[in-house]
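Handing you this structure, nothing more for now.
Per-chain residue numbering starts at 1, and chain names A, B, C and D are given in the order in which the chains are listed.
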Amino acid sequence: MHAGDGVAAGGGADERVYHVEELTRVEGEGRLHLRVRDREVVEARLNIFEAPRYFERLVVGRTPDEVIDIVARICGICPIAYQLTAVHAFESAFGVTVDPPVRALRRLLYCGEWIESHALHVYLLHAPDFLGLPSAVELAKLDRGVVEQGLRLKRIGNDILAVVGGRPIHPVSLRVGGLYRAPRREELAKLRADLDEAVELAQATVRLVAGFEAPEFEARRLLVSLRHPDEYPMNEGRIVSSDGLDLAPQDWPLAFREEQVEGTSALHARTHAGEAYLLGPSARLELAGAALHPLAARALDDTGQAGELATNVFRSVLARAVELVQATAEARDLLDAYERPRVPSVPWRPAPGIAAWATEAPRGLLFHRYEVDEAGIVRRATIVPPTSQNQAAIEADLARFAPSVLDLPHAEATRRLEWLIRCYDPCISCAAHFLDLSLDRDGGPA
Amino acid sequence: MVTAAPPSFLPRAGLDRLIALLRDDGRRVIGPTVVDGAVAYEEIASTADLPLGWSDEQSPGRYRLVESPGPGRERAFGYTVGPASWKRYTFPPRVDIGRGRDADGTVTYEPVAPEPDALAFLGVRGCELAALRIQDRVLRDGPVADPDYVARRRAALVIAVECTVAASTCFCTSMGTGPEIARESADLVLTELDDGYLLRSGTDDGRRLEARLDPRPATDDEVAHARASVADVRRRIGDPVAVQGLPGRLQARLDHPRWAEIAERCLGCANCTLVCPTCFCTSVTQRSDLDSRDSVAVRGWDSCFSGDFAKVAGGSFRWRRQDRYRQWLTHKFSTWVDQFGAFGCVGCGRCVTWCPVGIDVREELAVIAPPAARRPLPMAAAAAPGDFTPARVERTWPETPDTTTLLLTDVDPAIAHGAPGQFVMVTRPGLPAVPISVSRYHPEGDAIELSIRAAGPATATLSSLAPGTPLGVRGPLGRGWPLEAAEGRDVIVVSGGIGLSPLRPAIDALLEDRPRYGTVRLYHGARTPNDRPHKDDLATWAARPDVEAGETVDRAGTGWTGPVGVVTHLFDAGRWDARDAVAFVCGPERMMQATVSTLEDRGLRPERIHVSMERHMECGIGLCGHCQLGRFFVCRDGPVFSRAELGDAFILEGV
Amino acid sequence: MPGLPLRPRVGVVKLTSCDGCQLTILDLEEELLSIVEAFDIVDFPEATSSRSSGPYDILFVEGSVSAPDQVERLAELRARSTLLVAIGACATAGGIQALRNWGEVGDWAATVYPDPSLLQVLDRVTPISDHVKVDVEVRGCPISPDQLRELLAALLAGRRPQLPDEAVCLECKRRGLTCVVVAAGATCLGPVTRSGCGAICPSFGRGCYGCFGPREQPNVASLVSRFELDGLAPDEARRRFAGINAWAEPYRDAIPRGGGARPELAAAGVPGETEAADARR
Amino acid sequence: MDVSGTIGAFHGSPFVAGLAPSERRRLAALAVRRTAEPGDVLLHEDAPTTHLGIVVDGRVALRLQVPGRGSITVLTVEPGDVFGWSALVPPYRSTSTVVAVERTEAIVFDAVALRAALDEDDGLAASLYPRVLRSVARRLEATRMQLLDVFGREVDAAW
């Protein structure tokens, strides 16, 4: 950990700097920088220094099916989120309707990704924070069983991705119009017993994290997620917010915008009114919890902590655990109901215009928008990942949370700030395709 | 000879009974079925799984399933052959062949005994039966039987089907493998007619099966109709490949410009070898746990087209696509005959259809190999390998900066009594088995010396083993130096660098029995004075009055007062007569080529010049295919060869 | 491997990438706890907050070089590592982001960033072997867990890892799959692409798109001719190589001048891809 | 060794075998016997080549000075073979330093006198040049083999 020493700067004012040069246990490379002068936060930044990858430009001039393979590479942790959002965007623009079994398989893929990503985050990245440990390796030394339980859950998520998608990272089965291949019933049946186990492990996860002690940190935030009348939001639904927004998924730009923030040069998404907002598991449970799988709803009720989800971001780990129950139970239901589609994909014809969609990545709402020409070739693209949408909210929370750590030893204060950032499960690799590289030279540690 | 029973007739519905009977007998029935747009051989439960009504269109680089034309032609066998062959079941793509374990300082090796399911192959065509026969020759009836193959083959009942359709890529007629099927070549032979099957049984198993089906005798019309359909197939295929004298013709055209032209089209993708029902080249890899105490040796299909296949320390000796294509084609149609007494091709046409760029062997053979005379068969010495036996590293010492000698003790006596020039396979759990020539025998102490050049990680690991480390050793393997041919003659021993090590036991033997031989001349060349292996021996030999020894290095500082220059430089000064001598040569290829050419200039006959091609060795059995050198498997037939035996393979690039 | 201590010190770091290859380490769920026993993971920011700046016995590097400070950082890392292992297509060939090497970086930045003047990026995205010596390359987008497992086992056993340089076709045929080029007219890069993935795409009925990059002695020109025979326009056939490993030779040479992007004017005549593929079936 | 010994060694050398008696006599008249002790330098690299020599007994080394690596022996000349061929090829400067590594007997021909004799006598030139050329050619061939570095340590002990 490269933490600044927090000494007072010149001018007699009490200036403290909390700085983590390279955040750990997050996906990608980011930096935390917090400057407090006379107990007042003057600068709170989650700075991303991943080099830009220009995905929005890489997809220009490419066909929809090429785009699907390209955008997977935005993120190794949630490739399905990127692929599915693009698939839905093109299909909605071209008027393609897929068979119900194909839709089910795509949802199964998303369940697999949620299980894998949430298990990774809960057990390997986040749990050590609650126990004051540097990593899951140290956690395994204390309680090997807990870590093995997390790894097993993660493995089952990956197995779903492998059977339906070919491999867990950058799967190959999705295409516009359906799938390249649909698994036979027997192939899926092999997962059935594992999913019984996964549901139990997910329920155990809820009990585990409900016992975690978290700092008190109450705050009201604007929450945003998808909501679907019949199902917990993943691939489809309308965009809703805690202050009553209700939009078609294509219409994200009507309510939100990306802006360049002075000083950090990073693009943040905010509402048109300039408000920061929060995405992710807590937001989904708060806004769309009515559609939870009964098993997930019961698991949450049993903790008695449902009320804290909307206000204490340190409880997001519980929301993630509840969604593990959701994803495992739903995956099991999907397996039981599966009938192999007669053809895995339907033909389609490109149409010029705008192809846009939003889905729920494990970390929150993900929005894609493509302008396509008569041949279906992409001419312009906008991709807004969840982490960039959360960034303004994260920085606001940092500023809000900072006063409560000022009296702690510097290292502990820094640790708590980093812990807070992990509560949002930031995926910096995703964000990096549009965030800049400029380094905060003068704001660095003393 | 038993007089064959006349054919019987099984109505179409009887086929389901046949499948049911086989399944009742506890056999898994493997038969044709449509998978992913092609006919594959998979387990089937009934005739419903068969490709009823399907036919195939095949041409170079193209395959499509099509519905058979005409109503009522729901034939089960109306296709020819798909991409998969029965090889998948008799010689699977990956099998575990051995386990190694290091527990408490003891290493153990055990072969993995296959326990194959009882199978029935339904729908084996004439060309495919021939492929099974070829596999039998190679893997079962040769000097070394492959236990895995033998067990799997024994477990399979074969029900053949005569072809009544032909693809444009078929050429069984030329290779003499079809379309007709002799009844004794399978357990049961079917010929499909519109309303049923003509049945002939060729074995007791087949006769019992036939009896249980209770077929009626076939009518003369039915027999005639069946004969006519098969004859029609023969007529349609014609005779596209002139096989008479083909092996020799090909060997004479190893430098044909066409090889390079083919390479411009050839993708080198290996599809031809993998769809080939007879190709048997494999590689053995080690799968080890992270603690590397246990390891499993896994044998998997490989191909002479893959980049690592012909890799030896320092590079691949068939690095160009043209080398690889030539290796493949000449093996199938020429050297296979030398090795196994039959062609390696059965004319199934898979390599033609499944070549993504449609290279057609029939066309290439016609261009490259016009008629010429036959060549004599080579000798083939049989190595009878035992299993790995344990040995122990007694001590090690450096020979040169990159070469270390290991003194192994507690070696199996058979190995310690091996012959000069033979080699052993040496391994540790987790490491691949490596062929190493024995550099000295100590039969009285059940010990041998191995001099190992750290050319890669495995040899580096072996080089750095501590005294006391247990090892597994298999051998002695291969054909060594023909000392008997040197009796009563002058002997010239020429070595380059570490090439001295395989020659050292031969020198030991010559000097131990000195009166049996004429003048003994030892010449050694090394890169620098520092790179001379076995320095004490070199000094001892040079000091003996009954030996003429010369040494040279390629370059030296001022401390070296001996000759500097390539090893042939040493002969330039000598004025001896080589005509009645025998020469043993070992070293890098170019050094051996220069030496052999200088010796030939001096009048030495190619039959009396012996070289060691040990760098090509791989598995130590001669069945993995890596060590092929022209007509030879170096592991089995060598590593020592006479210059005369090797022919062009000794000098041509990329053979 | 000789020269490595009994419990090697291991670092896992990244440059420009999606994190998928280092995630593959965490995806070895069953072995993960054995791995951390056999190897001393001293630096792996994605997985642990314990940090070290080396020295490393083995350093895994993910990602491509696309920014000036990465060049310096890489040189420092190399100096502190005994064995440097490049993992994944980004590290070994530049990865998907190397597609920008066909454009002007300034133009590109302007399309994505409102104010590109603050960006510090290199003109070209390059593999790490363009900058430092690499001891082992593990290919793939992402790398294969099996190959990773094999590499780790080989490192411990002291043998060469089995990372065969062979065509995808070998894996495809060992799996018993039907060739999608011959049987369906698919554009499959398998014959010129290195194995390691397990022939996933052909098993899903689609052509390989080259995640593992070129194998040795690839005959790209002949494969392009085959695609043209199947009805693709020459540029369209060559554009198949403008993917994950576009910057790897000889894929790089096959790609048309504009990279993977289709020019706007000509685009009107190009049918949707699925449609074209379906029309052939 | 006396003069007759020199003459004897000269006539016995493979280098002159096959020359016409008159040509032999002409050369013999130019021949001078030279004895070198180990370490004696017969020719200096880059200096004018003062004579062409034939090794009769012993061994001389041809050495090149390599910055940082000292003096490297690239070839030794054994009995019957020549050194100082650059005596006949412009600019008549030695391409290596010739050092005796053992006690060596050689027959040497003064470079200027030899060139004058060859200029004068076309027959002698026609006989002698191919002999020198063959020697140089063999040396070139051997040098190529050395260049190949057939024992090379192209060892990929890393992976």
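To be clear about the criterion, a contact is a pair of C-beta atoms (placed from the backbone, for glycine too) under 8 Å apart; a residue touches a chain by one contact, two chains touch by 3 or more.
Since we're looking at a predicted model, the values are computed, not measured.
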Comparing chain centres built from Cα atoms against the global Cα centre, which chain wins on proximity? C
If you tally the C-beta contacts for B-C and for A-C, which one comes out higher? A-C
Separation of chain B from chain C, taking each centre as the mean of its C-alpha atoms, in whole Å: 34
Taking the mean of the CA coordinates per chain, how far is chain A from chain C in Å? 24
Report the inter-centroid distance (CA atoms only) between chain B and chain D in whole Å. 51
Among all residues of chain C, those touching at least two other chains are 160, 205
Residues of chain D that contact two or more other chains, please. 159
Which residues, counting only chain B, touch chain C once they are in their complex? 35-38, 40, 61-64, 82-84, 88, 93-94, 263-271, 274-275, 283, 285-292, 295, 300-303, 305-308, 319-321, 353-357, 429-432, 456-458, 460-461, 463-464
Report the residues of chain D in contact with chain B in the complex, numbered from low to high. 38, 59, 61-63, 69-76, 78-81, 101-102, 138, 142, 145-146, 148-157, 159
Under the touch definition given earlier, write down the residues of chain B that touch chain D in their complex. 313-315, 401-402, 453-457, 460, 496-498, 526-527, 531, 552, 554-558, 560-566, 568-569, 572-573, 587-591, 594
Spell out the part of chain A that touches chain C in their complex, as residue ranges. 1-2, 22-29, 50-54, 56-58, 60-66, 69-70, 73-77, 79, 120, 124-125, 128, 134-137, 140, 144, 147-148, 151-152, 154-155, 158, 166-170, 172-173, 175-177, 179-181, 260, 265, 267, 344-345, 347-350, 373-377, 379-380, 418, 429, 432-434, 436-439
Listed in rising order, chain C residues that touch chain B in their complex are 1-2, 31, 34-35, 38, 149-150, 152-154, 156-160, 162, 164-167, 169-170, 173-179, 181-184, 188, 190-192, 205, 215-219, 221-223, 225-226
